[in-house]
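Both complexes below contain subunit A, partnered by subunit B and then by subunit C.
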Partner chain A sequence: MVTQIENPVLEIHDLTVSYDQTPVLWNVDFSLPAGKLIGILGPNGAGKSTLIKAIMGLIPPTSGYVKIFDKPINDVRARISYVPQRESVDWNFPASVLDVVLMGTYGKLGLFKRPGRKEKELAMECLEQVGMTGFVNRQISELSGGQQQRVFIARALAQQADLYLMDEPFAGVDMATETAIFQLLRDMASSGKTVLVVHHDIHSAMNFFDWVIMLNLHLVASGPKSEVMTEELLRKTYGGKLNLLTKVTDLISKKEFNPLKS
Partner chain B sequence: MTFDSNAFLIILTGTLIAISCGFLGVFMMLRKMSMTGDAISHAVLPGIVIGYFVSGSQRSLEVIIGAGLLGILATLMIEGLRKKAKVQLDASIGITFTLLFAIGIILINMFAYKVDLDQECVLYGEIAYLPIDLWITKSGLNLGPRITWLAGLNLLFVGVFIYLLFKELVLTSFDENFSSVMGIPAKGVNLALMSMVSYTTVSSFESVGAILVVALLAVPPATAFLWTKSLNSLLKLTAALAILISVLGYYLAFWMDSSIAGMMVTVAGGFFLASALIKGKKPSWFKGTPKESKPLGI
Partner chain C sequence: MEDFVYFFTFQDPSIAWVVIGITLLGIGSAYVGTFSFLDKKALLGDAISHSVLPGICLGFILAGEKNPLYIVTGAFLAGGLATFLSSWLKKNTKLSEDSIIATILSVFFGFGIVMLTALQKSGNPEIAGLNSFIFGNAIGISEFDLMIYGGLSLTIILVLTVFLKEFRLMVFDPAFGRAIGFPINGIRFLFNVLMILAVVIGIQAIGVVLMAALLITPGAAARFWTDRLNSLLILAALFSILSGILGTYISFVIPQMPTGPWVVVFLSLFALISFLVSPKSGIIFRYLKRKNYLRKTHRDHLLKSLYKALEEGQKGLLIDKIYELYPFQKKEIHQSIIDLNKVGYIYNNQGIIILTDSGVTEAMRVVRLHRLWELYLNESLKIAPDHVHESAEQMEHLLTPELEELLEKRLNFPSLDPHQETIPREKNDLR
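Moving on, here comes the complex of A and B:
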């Protein structure tokens, strides 16, 4: 079930991506509206990260094309922002929290220019939005996982983009931070930005996203949450694995089972 | 003790080379490419021989250009083997530089009758001969040792390169994908860095030799990284170590009547071992656990 959109922010047409002749995404075709908080759901190995990497041109597609704001990616790089998976970088790198957030401003600065006072003020604002102002001069090697994630989100905010692509921003983040970040993303979406989030937890996805893309090598569904979050489509996406998930949820809701209390 | 101008010149040159190598080495280390520096320093050999053969002189621009091109070729080969042929990084480095180095040795042997160049001089170098190799202009003006000038020019280029491309070097070292999404060409920055490493290798090989350039690329940055977690102090500490290594290396070699370059690297190794022991002893609870952040207020 795929809902197509007029004048989409992001349009993907018949995209196939392969690693070493083995396709990991088959004929993905959808379009996305502006100003929405969009989740990409699917089991492990469904090609979620591959999809957003292909959108940004980090992996060349085998066939098909991607258009962002009705243009090829190279014309609109300044309007796109990316939050990679936290594990994709070495956090022992000698940089402070401020240094990393300032990296978000490099794209607009251009070659040879150093970030100045204006960029630093912007970086501070972004740190404030993620609640990390107390850590400005801390070395990134001394941060916890959730703090690292917030630094990455602040860096993406500093890019001042219109389309945000986030790869598992809630991996290893505690519940309070997850809720807070979701609130931040919601505010961004209501101010007209489009936020695309790779996510694996179906239950929080139910609460937070406006629009959901379900992926399992093929595109299973793309549409407003109310239309696509059906048991049939979830089963199609997760296959047998969904049974286990629902069983656990049923157990928890029926018996008020709490492993921490017993 | 009287002022010994030869000692001063040797230490100055050693320092200039060690700082150039150290600065580039910091970025190589941050990219986890210290061994690529090793590969480049050996892979430039065929480029040097070809440049030498074309120009007929060991001191020509052709030699530096030849070495630079081979350095870039080595970088591309390592990347190509890793990405296209799916060879592990360490294996692709091992394949690339031994192959290019072997080609260099074959070329030297083939042209040995017309070229005053041998493996020894490329691999080991001799900084002690520096004061007798003078740069004398056509009018007969003595400007001092040629290699000192070369080392100074090299440090100037390295300094300007790092100053201009500082933010690009940092970003592409930390997060290559992110820089590509922004449109900052990570591959181009990488190749530029590798060209600088090739150039530095060539301009230092006459004095300290290719093997010892590798040590100067890898050891001082690694030592400094044990002591600091900030990039600026990492660069400063690397430069300070470069000076210490040159001074101590010279006087120890003088005292023991041994190779200066060899002693410099031994001193560097000593500093590293001492730092590793001191830092390694510190228990992990010494620093304390990072303060827990408060959840966002909403």
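Moving on, here comes the complex of A and C:
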């Protein structure tokens, strides 16, 4: 069940993505409306993070394309903000909270230029939005998981984008932080920003999102929450084993060459 | 002593030149090395530095003499080839990174030694200087050498300063860098070039075998002292400069002494000192912190015993009686009595230890924390009353006033702990 949109913010056309030569996403095709809080749901290994990375152009697609604001990603990077998984970086790196949030301003600064007073003020505003003003000069390794996640979100806010892609921003986050962040994302969506969130908890997804994408190696559903959060689609996403697709994947990864490469 | 004054007053212009050279080299290599240390690519620096040897020999063969231009170019190309090969092998084979690096290091270095030996047999009189590339000889540097090595060092320092923000991003979060459209692959390429250059500038003064130490050790030692990138870079450079100058001094004073090993000895000394005495992460500091903490726990235990005696109606306790309570901790208890006496919490009245007014207040605080924690475990975490004492024995030394307030509120200012003992507060003062 896929609801397509006229004039979408994000259009994904027949996207297939592989790691080395193992396909992890098959023919994903959907489009998304603006100003919505959108959840990407699916079991472990369903390809949720891969989808986000493919949208950001961090992994080249095997086939298909992605268009954002009707343009290829490289033309609109300044309007897109990305929150990688918290575990993807080394938090022992010598940096303060402010240093990390300032990285959000690097994109607009471009090469060579250093962040100045204007950037610092912006970073402070973003820290205030996530309730972390008291931690500006804290070494990042001294933060709790939830605080680190908030720093990452503040960094994304500092990018001042129109489309936000967040990879598991609620992993390892306490209930209070989760509610606070969701409220923040909701406010962003109502001010016209589009927020795309990889999420693992179906229960809270029910409450929070406007629009839901369900993924399990292929696209199960994409549409307004009320239409796609059905028992049948959830079972399709989480329940049934995709025996056939998994077998084909095995077959391909065991080949001595990449048969999908043209 | 004469040597010392002669060297460090820089009367000899050639010594001044060498010191300037080694300072620039120190800054450049520490700067690059700190980034590769943070990027967890320390081994790559070692591989590159060993791999430049065949390039040095090739440069020598082509020039027919020890011409720094030829030698630097040869070294740079060999280092570049090694770097390229290691990333190519990583991409196109399933070998692990450490085996790739070990292989490249030994193959290139072995090849270089073969060439060097062949050259030595050739009878070229210029060959003598070539040996210094193995362990380095800072004193043997000519002015022309200095221009080239110093110039390259300056270039490295300049490029790193200009691209500081980009390199920070490349190390901390390259995926985010790509996402905001930074040419991370290009930045990494530039960094690899700087890394090879940093090795090349050190081959004359430090030598190919030990150059990796000059890259990695300064950053590793400085990391003990600071949590900020800028101060880390400055401190690393400082360690590197000091070791460089001291190493050069030794090889100036003692004839035939290579510079590289001595620089590394001094660097290791800085690293060792950092490991031992730096605050927060140094082991001596941590040992003292722990010792102080244990002393506090013993004082707290003595206060508690005196307070319990007070609860049972005894004004004080005989010293011998106290020792009986802690049969295996006589020394510690003796120390606690001295400590508590000094701060005015207790006094000794003819062998009887008695709490002073402020002593009672402090003892009440410790006992209160102990009993509050027991109650918290029992009420909020549903742990049986006979299982809560051990944990409270530890928490009574740790809980802060803020946490105490939270506990009080959470438990609604209780009057009894799970063992039906009174939780002491100012209002039920026993004095």
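A few comments on the model shown:
Note that in this section the second predicted complex is superposed on the first by the 239 of 262 C-alpha atoms of A that agree within 3 Å, B and C clash if a C-alpha of one lies under 4 Å from a C-alpha of the other, contacts with A are read in each partner's own complex, and residues count from 1 in each chain.
By definition in this document, a residue touches a chain if its C-beta (ideal position, glycine included) is under 8 Å from a C-beta of that chain, and two chains touch if they have at least 3 such contacts.
Nothing here was measured: the structure is a model prediction, and the numbers come from that model.
For the composite obtained by overlaying on subunit A, subunit B and subunit C cannot both be accommodated without a clash.
Of the two partner chains placed by the overlay, subunit B and subunit C both lie in contact with A:Gln139. Contact comparison for subunit A: of subunit B and subunit C, B touches the greater number of residues.
Legend: residue contacts after superposition of the two complexes on their common chain; A:Arg114 is shown touching both subunit B and subunit C.
In the superposition on chain A, contact is made by A:Ile181 with subunit B only, not with subunit C.
Of the two partner chains placed by superposition, subunit B and subunit C are both touched by A:Pro84.
When the shared chain is aligned, subunit B and subunit C each come close enough to touch A:Ser96. On subunit A, the surface touched by subunit B in one complex and the surface touched by subunit C in the other have residues 53, 56-58, 74, 77-78, 80, 82, 84, 88-90, 93-96, 99-100, 103, 106-107, 109, 111-112, 114-115, 139, 141, 155, 159 in common. Residue ranges on subunit C touching subunit A, taken from their complex, read 38, 40, 162-166, 168-169, 171-173, 175-182, 223, 226-229, 232.
Against subunit C, in their complex, subunit A makes its touches with residues 53, 56-58, 74, 77-78, 80, 82, 84, 88-90, 93-96, 99-100, 103, 106-107, 109, 111-112, 114-115, 139, 141, 155, 159. Those residues of subunit B whose C-beta lies close enough to touch subunit A in the complex are 30, 32, 86, 164-168, 170-171, 173-175, 177-184, 225, 228-231, 234, 287, 290, 292-298. Residues of subunit A touching subunit B in their complex: 20, 53, 56-58, 74, 77-78, 80-82, 84, 88-90, 92-96, 99-100, 103, 106-107, 109, 111-115, 130-132, 134-135, 138-139, 141-144, 146-147, 150, 155, 159, 174, 176-177, 179-181, 183-184.
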